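Input: a single structure, listed below in structure tokens.
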Amino acid sequence: MDKKSKSINKILLHSFLILGSVIMIFPFVWMLLTSFKSVTESTSMNPFVFFPSEWRFENYVEVIRQNNFFVLYYNTLAMMFFRVLFAIMFSAMAAFAFARLKFPGRDFCFGLVLFQMMVPPQIFIIPQYLMIDAMNMRNTIFALVFPGLVSAFGTFLLRQFFMGLPKELEEAAIIDGANYGQIFLRVMLPLVKSGMIALGIFTALFSFKDLMWPIIVNPNENAAVLSSALARMQGAYSVHYPQLMAGAVLAIWPMLLVYLLFQRNFIEGISTSGGKL
Amino acid sequence: MNKTFLKFGVVIFVSLFFIVACGNENDEGGEETGEYAVNGEVTLDFAIWDSNQEPGLRQIADAFEEENDGIRINITVNGWADYWTMLEAGATGESLPDVFWMHSNEIHRYASNDMLMVLNDQVDASDQIDMANYPEGLVEIYTLDDHYYTIPKDYDTIGLWYNKTMFDEAGVDYPDESWTWDDLYDAAVALTKDDGEQYGILTPLHSQEGYYNFVYQNGGTIITDDKVSGYDDPNTIEALEFYINFVREGLSPQIFGDAERATVLENGLAAMGFFGSWNLAGFSENEYMAEHFDVAVLPASNDGGRASIFNGLGNAIAYNTDHPEEAWRWVEYLGSEEGQRMQAELGIAISAYEGTADAWVDSNDLFDIEVFIDMVEYGQIRPYSNTTGVWEDRAYEELNGAFTGDKTVEEAANDAARVMNESLERED
Amino acid sequence: MLHSSKAARKPNKKNLNEWMWGWFFIAPTMIGLLILNIIPIFQTLYLSLFQSGDFGRGDIFVGFDNYIRMFNDPQVWHAVRNTLVYTLLVIPISIAISLVIAVLLNEKIRGRTIYRTIFFLPMVAAPAAVTMVWRWMYNNQFGFFNYLLRSVGLESVDWINSPNVALISIAIIGIWSIIGYNVVLMLAGLQEIPKDYYEASMIDGASSIYQLFKITIPLLSPTLFFITVTTIIQSMQVFDFIYMMVDVTSPAYNSTVSLVYLFYNNSFRYSNRGYGSAIVMLLLVIIMIITVFQMKAQKKWVNYK
């Protein structure tokens, strides 16, 4: 390939990615801009207002005054932390067994895992609420984590990663006298790192976005999370969009932090074969 | 093998222990809000669905807390849909908030299943609450078998909002109580521009803030006393024809989504629209609305028939609250003249207590909101039965064809009557 | 499944050891699933045989009445059709777009980290913001798409209320929202592909397209399989976007309503959990058939080492 066509390729590639980025980033930019608008500007379509006429930081001031963000961050991060921990730990164990071990009932049990994913999650809300209520655990961190103690999604995801590993790995380890626990911990786990990171990102994301569950199970202000606190700000008849968006901007950073932290590990493991399509 | 087994076990056990411990710590913090704490203080959970009202209600709660040592009010707000899911879960799990708002669509389900405390004894014993001080229709909505299930909080009616600037431009007189349907129609024609940039009126597919008003002005009905659909009543059909005709003649845009309706007025697409008094906060905050709009009473039918759909909320107490006395003190306060006057002065909503509504009128000088109180005289209670939400939706599904032109209005109305009756039969 | 359980028939000490480990490893997940999910699913099945009373009390056993009513309800069949059409629109297009993006972002290009963050951003944007943006894009009078159409002299389209178009409009949101998910998973999967495969084929002078189809896709197939299975399930459970964009009042309601939307309306809006549960069971059966078919078909194209 000569230099010229290479740079043309590069331009094409970047224009494609930039176009895609613009489409993807649009709602986010919208959110940021709306958070500085006045109420009128926020719902005005005619004339269409893209940039706020002035930067109204008072929307942020008001949101911070109305909500105890310290508590919200704490609860949200605690929920995300425990859900990610449990999802990765339990899913990795189960996924390893489903992918690499032979034992009676394996296919049936894996069928149940898939089965769980097929059911719309809305049906679990009331039964799980009744369980938490019976345990007298409403308005606790435990209640927030409860539905995420195990993850069918994670089990299936990591199983795919374990299945992609070569068979020779554990055969060699068995000859060396390792047991399955050691094979799992020392040989297999390090090889599915990117799968576990992806699972961590998604678990954090899903719990970050989970709305219905925290609203129902933790109605108390001191036990609320960011998503449920934001939902509270939406009035029944009119929504103060600028404040809502200011709240949403303030709510996002824990999630972005998780993503940025995790995705660095993504790149580390990257194959250096790049540079060619 | 055993060693690794053990390690796993320890890790799992420790994490579970940690999370439960962590949970419990938070639990103790939360429990104060449900139980007597050491100092004998009681916290009442008070659930509402409108965040616009929260700051004002907080002020009322502060005043109440000052007068009632040892009672704290914890207000929880959720959006409309989430609110009812939360209450449903609470009712199923017997963990309802102590005090909460009730709506006419849901009162029957909650009252007939004994989820709400019957308040007759408290009302009889109270020197502050007398049901005669509230609009009769409002008390009626929340009374089943002579049992009072709520103390009235506020009420609402529907008004005709109009764009003064557009009226001036077109040289049309502002609407007033002399207006009839003919005036409305003529004005809509005069205000509609041919280029499609401006419509004279907005007649969306909406019941309470739409055709229900016209149906009752015309002597029709939506549901009869013996719970049969009124959609096939000739007067109902006539009213629907008048209402939908605005869309068919291009005097109103075709609007179906609930959220889009206000956008049409706020962006100067239509000169007139029908909206309830509860929109006041939202409209006042919008600079365009504040500058250009005002509100008038609904026009009368050409025979002089008047109606505006009337509805209202009440404060209810959970049947199994841990603090029945304190909860009643709070509900009593909210319903008392003092509490109601405060609610009106703060502009939260039209207070139900007789004579306090004027304070609400004075709370806003942008719009002529007195008209909402004038209309109470001929207010028509929002039609309801045990399953209002179900048949309202079914009727909507049948009626939209009349707006798009896929059906005649008469066909659509008859279809609506049929599905509504099917739905009512299932109600038993 | 790849490993058959044939060996499990005659337990010797070595097998027994493997069994014990297997059971041990899956125990937490299975116990959790059983309590949190499987029991509620059977409760739902049980509920579907009842006419529900209010607040979980006074349910009346009605046998298969809810199912009979469901099979005679034209709306349920609309919902089945809409759900399937939506899935058919979203899955192929979203996977193709995501694959291209993921492969590009796996290259050593400038600004890779920034791009990756940007493609992830829509997933963290608040649902209210997402809804607002799309409402504005699709708005009949003032919307962005209609503005574009009008400026090139075309008729404007009622994106959300026209029965012929609404489902496509919803599918566009669906595709847009799922790309971030696919890209993150594909990037994770791409990390597992050893670089020497590409180097070897480079020496043979293979083209980029050849590499994509002969190396990347086959070696990414376990991830692709996972993405296909999960996104089909997700699409079959579509609810949020339709709920946010299309009200019951819309003329496009019948041509967009999905099974989960119907289930939601019946269970939560109309407090008829029995009927709602029957609808869930129908959805479950359809998803199960599709998934079992996919599990069988995976042998044909999924490449485990």
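Which chain is which? They are A, B and C, in the order written, and residues in each are numbered from 1.
Basically, a residue touches a chain if its C-beta (ideal position, glycine included) is under 8 Å from a C-beta of that chain, and two chains touch if they have at least 3 such contacts.
Composition by chain, UniProt nomenclature: A = Carbohydrate ABC transporter permease; B = Sugar ABC transporter substrate-binding protein; C = Sugar ABC transporter permease.
Values in this document were obtained by computation on a predicted structure and should not be read as measured data.
Enquirer: Based on which chains are in contact, what kind of graph results: line, ring, star, complete or other?
Expert: Chain contacts: complete, every pair touches.
Enquirer: Count the C-beta contact pairs for A-B and for A-C, then tell me which is higher.
Expert: Of A-B and A-C, it is A-C that has more C-beta pairs in contact.
Enquirer: For chain A and chain B, what's the span in angstrom between their mean Cα positions?
Expert: Inter-chain centre distance comes to 36 Å.
Enquirer: What's the distance between the Cα centroids of chain A and chain C, rounded to whole Å?
Expert: Their C-alpha centroids are separated by 16 Å.
Enquirer: Any chance you could list the residues of chain B touching two or more other chains?
Expert: 1, 5, 8, 12, 85, 88, 92, 263, 267, 269
Enquirer: Going by the touch rule set out above, which residues of chain A reach two or more other chains?
Expert: Residue numbers touching two or more other chains: 45-46, 93, 126, 179-181, 211, 234.
Enquirer: In chain C, what residues contact two or more other chains?
Expert: In chain C, the residues touching two or more other chains are 17, 21, 24, 28, 56, 139, 141-142, 268.
Enquirer: Can you tell me which positions in chain C touch chain A when the two form their complex?
Expert: Residues of chain C touching chain A: 1-3, 5, 7-8, 15, 17-19, 21-26, 28-30, 32-33, 35-41, 43-44, 56, 101, 103-113, 115-130, 132-133, 136, 139, 141-143, 176, 179-181, 184-185, 187-195, 198-199, 202, 208, 211-212, 222-223, 225-226, 229-230, 233, 237, 239, 260, 263-264, 267-268, 277, 280, 283-284, 287-288, 291, 295, 304-305.
Enquirer: Give the list of chain C residues in touch with chain B in this complex.
Expert: Result: residues 17, 21, 24, 28, 54-57, 135, 139-142, 158, 160-161, 245-251, 253-254, 265, 268-272 of chain C touch chain B.
Enquirer: Quick one: in the complex, what on chain B touches chain A?
Expert: 1, 4-5, 7-8, 11-12, 15, 19-20, 22-24, 26-27, 29-31, 33, 45, 47, 49-52, 74, 76-80, 82, 85-86, 88-89, 92-95, 97, 262-263, 266-269, 278-279, 281-283, 285-288
Enquirer: Going by the contact rule at the top, pick out the chain B residues touching chain C in the complex.
Expert: For chain B paired with chain C, touching residues are 1, 5, 8, 12, 81, 84-85, 88, 91-92, 109, 112-113, 115, 205-206, 253-254, 256-260, 263-264, 267, 269, 387, 389-390, 393, 396-397, 400-401, 403-404, 406.
Enquirer: Within the complex, which stretch of chain A touches chain B?
Expert: 38-40, 43-46, 78, 82, 85-86, 89, 93, 125-126, 129-130, 133, 137-143, 145, 179-182, 185, 211-212, 215-216, 219-223, 231-238, 240
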